[in-house]
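Next come two complexes built around chain A: one with chain B, the other with chain C.
So, the complex of A and B:
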């Protein structure tokens, strides 16, 4: 994982991936959250793309490295790589696309196959909630599914910026508490800040 | 007379067919020399002068194809600044020449240098370029190979990829022309036709962008502002673009880039990695230091 030169601008660096069927609005969720932008005519994501945003959670600066993946079946083999090291997953479906809701099970299975599911925090997101006329999946169905798997659930709209920040903050909070637990249990957790700082310092000494 | 042409960093590749004749075979390969017309250029070229001549012509080979009639010549041009000496005796091809070539479907009577320089100088007018694409993309033969199939039939067949194509056609707005519904429909049709033609590949995201760009390049009203006030009926546009696309995918073998497992893509990334290693070793080292030991790993 890449480290920024100045380690003081964040306390934690975590990797979050956004997955879900093609056309559910993954890229728009991301651009709304990171850049407060929404575009109706967004190009399909090819392979993978990522954005970075630093947020405050409980007084800690959390730097989110958010990976946007391609939804099409053909790219699923590639996207497996991107599960590696992910601490958070935003699993997205579209409330106006029944199929994408039905495929949530498949996505959950691929999360289980590709990650150590105990360390990964999930959030289920039903996007495009603003398009009530074309709705194919009710809020109750979404809630029922999320309870079945015990995952927090949000209905969002990347267009009207509804619940986007809430979903990410919910995820971030749970990631932090897992990280704190891990740090408490183990003296050498995966993401040790001190280690990072030490390495940065030697690097900085080298070039200055 | 010295001519300067700028290229983007992306490698340009020119392929063309030349009718085999004794006159051509005796010719030396195209000579590309570094010369500069102004100081800035001179500074640039002196620093890279040594390697330039090597890089300019990576491959310059003759390959005799199946029917033994055409000599296939490939020249890769990879530099940013490319200067070519125009030999006075080489007449630059004019509109009439291109028409003759298109009519005879052969380059008989023209020299490699002439053709090369003319392509470099982009002397082909737009309307001829359109015909040239049809000629160069092997359309006639590919059309024959479809046998009892045709573009129109391929559009109508059903494909599993239809849903995905519909989703993507609506969000491939790379140019204003796709704000019109008919053009989106054309994009959809070509992709559906290809998915039906190449059942193994079907449709993969990314193909939409290639086809959309071909449509932009081939559309008359986009490229000829004089036609703005007219309503243009170009019935064959979609079919021609389909065959150009077919040529890129099948004859130029770009389909392997998109096939399951991305074999062709891996190969291209390998080549890119080797090129970075050779030409920008500092960058390669930086990647290596950051833990990117092999670029292909990101496809596993």
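So, the complex of A and C:
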């Protein structure tokens, strides 16, 4: 859906989807990023919800149309239809929910199956990092997984606004880079969704 | 000094206004759903150990924010867990939104077993298969919705299609929670109540189409980039707007050919183990899918007769009684135009009138006045409510509270006819 604007509102309009298990904090990540708000009583997302935010990246105005998707299994068939046309994916798990971390593999497979993964930029996010007492997934485990798939990785806290902006800006920069290259008829950078057995390191700027 | 009738009027008015509130509903809803108040469910002793208990727990925490206190949330988790165990399903998101307007009745002193029975019955009636483990019907439902939207508002359908705004982007919660998760708590209770009173599980199609039609002007004006955001942010938090939408929905439901609803029945969309269907909506206009029954036309004519004709009822064999039976017979009557008959006739007479019809007999002798008033209150949103009052002349005074309630409900008196028996006919005006 990326397109360049006719008006002065923005230079690029891009579609970003946020995926991950139910309850990992996807909606709060978006609320923090778009509205600087956090609430433990956000309603569960059923189907998909939307946020819009225009950000400045390398002098370009990027209008992000962000799709906040439902995490529960029952919505999985529908969620797949939301991948169409996405240029960025924020794949989220919760560091206090081991199952959500173990399900990251499944989500990655889903991206592979439903997108042209060469054109899609990803960020892996381990949310709820402020809840250290309840932590079930270590940062090293998150980093290791991100290295296996060659995806930038951030541990975040939507509650304390830790690494939220950094995650989105990292993603936005790589989307812009892809778009510029595509515009110049260059090859888009290849995103390797297959496991690289930890040989390659991620460029996780700001990774904590 | 106020006259007796003025005092009575105020009293009735208060009853009607209180019908909105928790305690009245706590009495009404179990009756409306024929709930067995003696049924016991061991909800308190259920073990919270379901495979996805974590999701239940998390959804309960975020159900209706701080409106539900800790005790209610604890009970809500018990109730949801008991529900999934009893129905042999895994927990599905959306159930918590439906359960919230029920669990609040704990504050009105209802037993948790009664609350559970209502919740269970509500889903059984109106969302039969929505939470089944093998449920795959939402795509079919969205497909039907889009087809109906195309039928009722081609311009809106074309605009949304042009910008790739499919119902998948905005209408899923409108169906799987009947819009309850998009409604303020008072409106959520109205949705539940009207669903029970309207008692037509396909009404949700018309209601959801009414929402976009209500918002049509804004939808057509808004920048296409912002359309998904706009649609996802539609909330129902204003009673007047909600009733405006209901009014549109009732029109849509009435003006959708009845054969289409019959066609939907044949698709088994709302039954257990329903198989997904895919309608080729682009190629197949709705009217080609169905045949229009001659009754469609006949119904409209009959409705016109109701408006214009004076009823002079003498006995059950009178042609006007036959006309009532004919118009409201199960074969041809459209139940979206409800009829209440307030009746003080003896049982033999009244059941003869109601036999094989969809006429709703309300028996004053059983002291159901509150229920009657609640029905008047809730049907206030339709301009197609017919209210007939039948009694022996001697008992006319029994209807006094009803007259006052009808006046309060902004009705227009049409006619009163009688000798031994009489019928009064009111047209409800909005």
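Rule of thumb we're sticking to: the second predicted complex is superposed on the first by the 179 of 208 C-alpha atoms of A that agree within 3 Å, B and C clash if a C-alpha of one lies under 4 Å from a C-alpha of the other, contacts with A are read in each partner's own complex, and residues count from 1 in each chain.
Following the convention adopted for this analysis, a residue touches a chain if its C-beta (ideal position, glycine included) is under 8 Å from a C-beta of that chain, and two chains touch if they have at least 3 such contacts.
This is a predicted model, so every value here is computed, not measured.
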Query: Given the superposition on chain A, are chain B and chain C in a clash or a fit?
result: clash
Query: Regarding the shared-chain residue A:114, is it in contact with chain B (first), chain C (second), both, or neither?
result: neither
- line: Chosen between chain B and chain C, the partner touching more chain A residues is C
- prompt: Which of the two partners, first being chain B and second being chain C, lies in contact with A:173: first, second, both, or neither?
  reply: neither
Message: On the A-aligned overlay, A:44 touches which partner chain: chain B = first, chain C = second, or both, or neither?
response: both
Message: With both complexes superposed on chain A, which partner does A:54 reach: first (chain B), second (chain C), both or neither?
response: neither
Task: Based on the superposed arrangement, let me know which partner A:13 touches: chain B (first), chain C (second), both, or neither?
output: second
- prompt: Is A:143 touching the first partner chain B, the second partner chain C, both, or neither of them?
  reply: neither
Among 5-13, 257-265, 293-301 or 365-373 on chain C, the segment whose C-alpha atoms clash with chain B after superposition: 365-373
- line: Interface residues of chain A shared by chain B and chain C, listed 22-23, 41-44, 46, 70, 72, 74-75, 77-78, 81
Field: Residues of chain A defined as touching chain B within the complex
entry: 2, 22-23, 41-46, 70, 72, 74-75, 77-78, 80-81
Message: Under the stated contact criterion, what part of chain B meets chain A in this complex?
response: 164, 167-168, 171-174, 204-206, 208-209, 258, 260-262, 290, 297-300
Residue numbers on chain A that touch chain C, as the complex places them: 13, 22-23, 39-44, 46-52, 63, 65, 67, 70, 72, 74-75, 77-78, 81-82, 97, 99
- line: Seen from chain C, its contact residues with chain A in the complex are 54-55, 58-59, 61-63, 65-66, 92-94, 96-97, 135-136, 138-139, 168-173, 176-177, 181, 225-226, 228-229, 232-233
